[in-house]
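By letter and in written order, the chains are A, B, C and D; residue numbering begins at 1 in each of them.
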Amino acid sequence: MKIVIYNEYTKNQLSPIGKRAYKEGLHKEIASVFDGSDVEVAFLSTLPDLLNHTANDITYDKLRDVDVLYWWGHCDHDKVPDEVVDAVVKRVHKGMGIIFLHSAHFSKVIKKLLGTPCSLTWREVGEAERVWTVSPKHPIAQGVEQGFRIPHEEMYGEHFNIPTPDEVVFVGWFQGGEVFRSGVTFTREKGRIFYFQPGHETFPNYKNPNIRIILKNAAYWCARQEDKIAIVNKTYKDAPNVHPCESIPLIHFSGKVKQGKEED
Amino acid sequence: MKIVIYNEYTKNQLSPIGKRAYKEGLHKEIASVFDGSDVEVAFLSTLPDLLNHTANDITYDKLRDVDVLYWWGHCDHDKVPDEVVDAVVKRVHKGMGIIFLHSAHFSKVIKKLLGTPCSLTWREVGEAERVWTVSPKHPIAQGVEQGFRIPHEEMYGEHFNIPTPDEVVFVGWFQGGEVFRSGVTFTREKGRIFYFQPGHETFPNYKNPNIRIILKNAAYWCARQEDKIAIVNKTYKDAPNVHPCESIPLIHFSGKVKQGKEED
Amino acid sequence: MKIVIYNEYTKNQLSPIGKRAYKEGLHKEIASVFDGSDVEVAFLSTLPDLLNHTANDITYDKLRDVDVLYWWGHCDHDKVPDEVVDAVVKRVHKGMGIIFLHSAHFSKVIKKLLGTPCSLTWREVGEAERVWTVSPKHPIAQGVEQGFRIPHEEMYGEHFNIPTPDEVVFVGWFQGGEVFRSGVTFTREKGRIFYFQPGHETFPNYKNPNIRIILKNAAYWCARQEDKIAIVNKTYKDAPNVHPCESIPLIHFSGKVKQGKEED
Amino acid sequence: MKIVIYNEYTKNQLSPIGKRAYKEGLHKEIASVFDGSDVEVAFLSTLPDLLNHTANDITYDKLRDVDVLYWWGHCDHDKVPDEVVDAVVKRVHKGMGIIFLHSAHFSKVIKKLLGTPCSLTWREVGEAERVWTVSPKHPIAQGVEQGFRIPHEEMYGEHFNIPTPDEVVFVGWFQGGEVFRSGVTFTREKGRIFYFQPGHETFPNYKNPNIRIILKNAAYWCARQEDKIAIVNKTYKDAPNVHPCESIPLIHFSGKVKQGKEED
């Protein structure tokens, strides 16, 4: 399997706070989920000084044997030439998988594939997020802890202006009160598409073990190699009662509401 | 339009805490959303002493001219005879709309229509909920405030064990950290189906103005009379920044994360 | 309701065979489905000599109060300026409905909204088509005869290279052996989209009564005014046996296969 | 992988015409698609005299390690006990795949999983069918010839009364003028479901090479072992012209319609 990671790798990422999150760039962190495997990983960027390749270099021919392309962009969406956008879209049609990460929701490529503005609401205060699996049978969700916690993340909130996804795999819960369809899949001709919300450049969340599983599973799924993903056959209890969560003590009893019992 | 509300109306609802929430029963509260309209509303219950009709009386013939059936059940799901279940399902196939409320997720009727166990997780501590519209174009969402707040509700959490819905209209956010697909639609033959999560019998949430709009819109949508629903043509800003919410002060800054600016 | 019909109205339509099908242009034929109603209809074309407006004139402002745009194009897809495409797409996002007819499957606008090449197979020998409703509950299908016949139409065949539609309403059967998803719906942000296959410029099929019902229903549905569509509450027999069709005597018994009876 | 084939194997199949189609029973024919593989196949039937096991013997425990169950029934749907239906449905929820063949559309099990009557129209004159792939990227469609021909099959026609499928993989074309969604997928909890229309008991169509590929692919897909399916990366031309088909000379030119050329 051959993978390419596009990361614009510009000012926010090169700032001290960006460097503190990912010393060598978030593309390196993403690439490291394939350490020890036989997956071949290459990088692309908008910044020619730091990396050998730039978005401007992307052509259909260079993508011809690429199985999956990760796309991380934010400040420089407009600098990606239309020719590059066309080449990527055409390659997706012919079967290349593509994974859009975080602020790539506003990239030209995803807009051209989905046909909607892909807008959302946002807040950047480093609040906590939880990520819930709503489609536990999906290959991308295998091995992912239900409702796993991210200490700090930029909030992305609904309404997320996308077409109805093929499948909603994950829904994010944010400390400040919002929700978001954080992991969604689409298909365009032969190409599989996955959008995944976590990954603001100033929080080192691509080091989070659950997110690393998702990043890896997503690549295998997008490449139609889901046999490389170990299926976790969880048994669900019919209707488990959940104790008030302890690690984030959010529930402040008002004293006026007494806990009832479901069965009497 | 002719509507029937089934409410089991048994012990939890007749207890002091239930009576405090709905003095005359939650079915009366639901019915009152149609006050002043020409909609005809009738009631059914499992409790013959309080109401003239019981679930046992439901037949296909009695439902023949009913446009929409609301179904609220919890403790007495098993007391609903299979003949009644078959009659309701058959009538849904022929075009009657049906709205399943809260704990009706475990009713025999919804299981027979959807073909899955419809299990979920739950916690009953009266925590806050917010309800987010993820499908703002849906008729049921018209006029509903984005992310409206419910002070106290029973938590229902994912994984909600249903087939992929036709449309996810609402996603609920819970104070304790969970999310839930709180408003979902299905179609079975000619019958439209809406499941809506809020409505625990001990919290008077059917008095909530946003929920009352949803209850009413849902009936018109299920009856294929969405022309009775006023379309609200909101204009969305492309990517609005959201200030940390004030009425529920959930975000406790750690002092370590400084608010950044999205654009620099 | 305000409707605009875009018809490129160029050489094939202006040829003798085109003129024989539609003396005054197929846009006039489409417009006539609203005769006697209070729907306001305007025209646009690529041909400035014949009509007062051209595709080049289309701006967001001119579409601002348009509810539904019909789009018929074939030879001149490439002459539609990108600015026009952008304006139409933006207006669809904001709620304008759009109906793509026949060879509009290759228009720039539909490709930009759907994100796929929208290719298909074709054959132009004037073979017979039948149009089957697979979603009888859909508003666009109300009043349409099941399996209605079109004497002559250009064949469009699968694979139709589109994203999975929100709903497949009609499937076309062709005399030569092909099938096609002839009526499909999509949603992009607030805009409803309907693609409908029949309508080759040399066959007068927009005069077909069933097609006229579809053209009209589709406008009301795309404008979210489905209350203007009379619901036809058909009763289906459980599993009707269908006699060998008589008007198109396609079934030539080989003499080797004897008709069995289903039940014994 | 462990597979069980349920075949009612009663009168129509045991009649001379049934025996001529499948000398040893259609279950044996289906089983033979796994000849030479390490797939373990067992049989179940309603007829205790011919086979060692019957539908009545099916229990949850016996299905516990079964990956995929094929279900072929017709005359004896009603003889399958409700306890068996419940056990099969429960096992599907827990992850067993299930493939419903031909007249199994009316089995109790599929109705319980889908929640609709699953009715259709039919005609049994042995007419020709063609099977078109509308979802060429689906694993079940890999290696299947586009529009392959079946000389004689019972006609099943729309409207097929099922919920909107997860995916429509195949659409059938019938000589007499009907179409049918011949291959459709669903998911219920963890269980994958495939319905496939061809397979009337008096035509030996499970010997058809394309159908055998579908039967085999479907098992691997339902068992979530799609890595066992070889992906066929077809290149589609953008809009191929199709010559009037020759082997079934259905197109009788009326003499009034002249073949035009698409481009002028």
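Going forward, contacts are C-beta pairs under 8 Å (C-beta built on N, C-alpha and C of every residue); 3 or more make two chains touch, one makes a residue touch a chain.
The structure presented is a predicted model; accordingly, all values stated were derived computationally and were not measured.
Colleague: Shared touching chains for subunit C and subunit D?
Modeller: Chains touching both subunit C and subunit D: A, B.
Colleague: When I count C-beta pairs in contact, which pair ends up with more: A-D or A-B?
Modeller: A-B
Colleague: From the mean C-alpha coordinate of subunit A to that of subunit D, what's the distance rounded to whole Å?
Modeller: Chain centres of subunit A and subunit D, defined by C-alpha means, are spaced 37 Å apart.
Colleague: What whole-Å value do you get for the distance between subunit A and subunit B if each is reduced to the mean of its CA atoms?
Modeller: Once rounded, the distance between the two centres reads 31 Å.
Colleague: Of all residues in subunit D, which are in touch with two or more distinct other chains?
Modeller: Residues 117, 136, 161, 164, 187, 189 of subunit D touch two or more partner chains.
Colleague: With touch defined as at the start, can you tell me which subunit A residues reach subunit D in the complex?
Modeller: Result: residues 95, 136-137, 187, 189-190, 224-227, 231, 233 of subunit A touch subunit D.
Colleague: So in the complex, which bits of subunit D are touching subunit B?
Modeller: 89, 93, 112-117, 161, 163-164, 166, 186-189
Colleague: Enumerate the contact residues on subunit C facing subunit D in the complex.
Modeller: The contact residues of subunit C facing subunit D are 11-12, 17, 75, 106, 117, 119-127, 130, 132-136, 146-147, 152, 155, 157-161, 164, 167-168, 171-179, 181, 202, 236-245, 248, 250-251, 253-254, 257-264.
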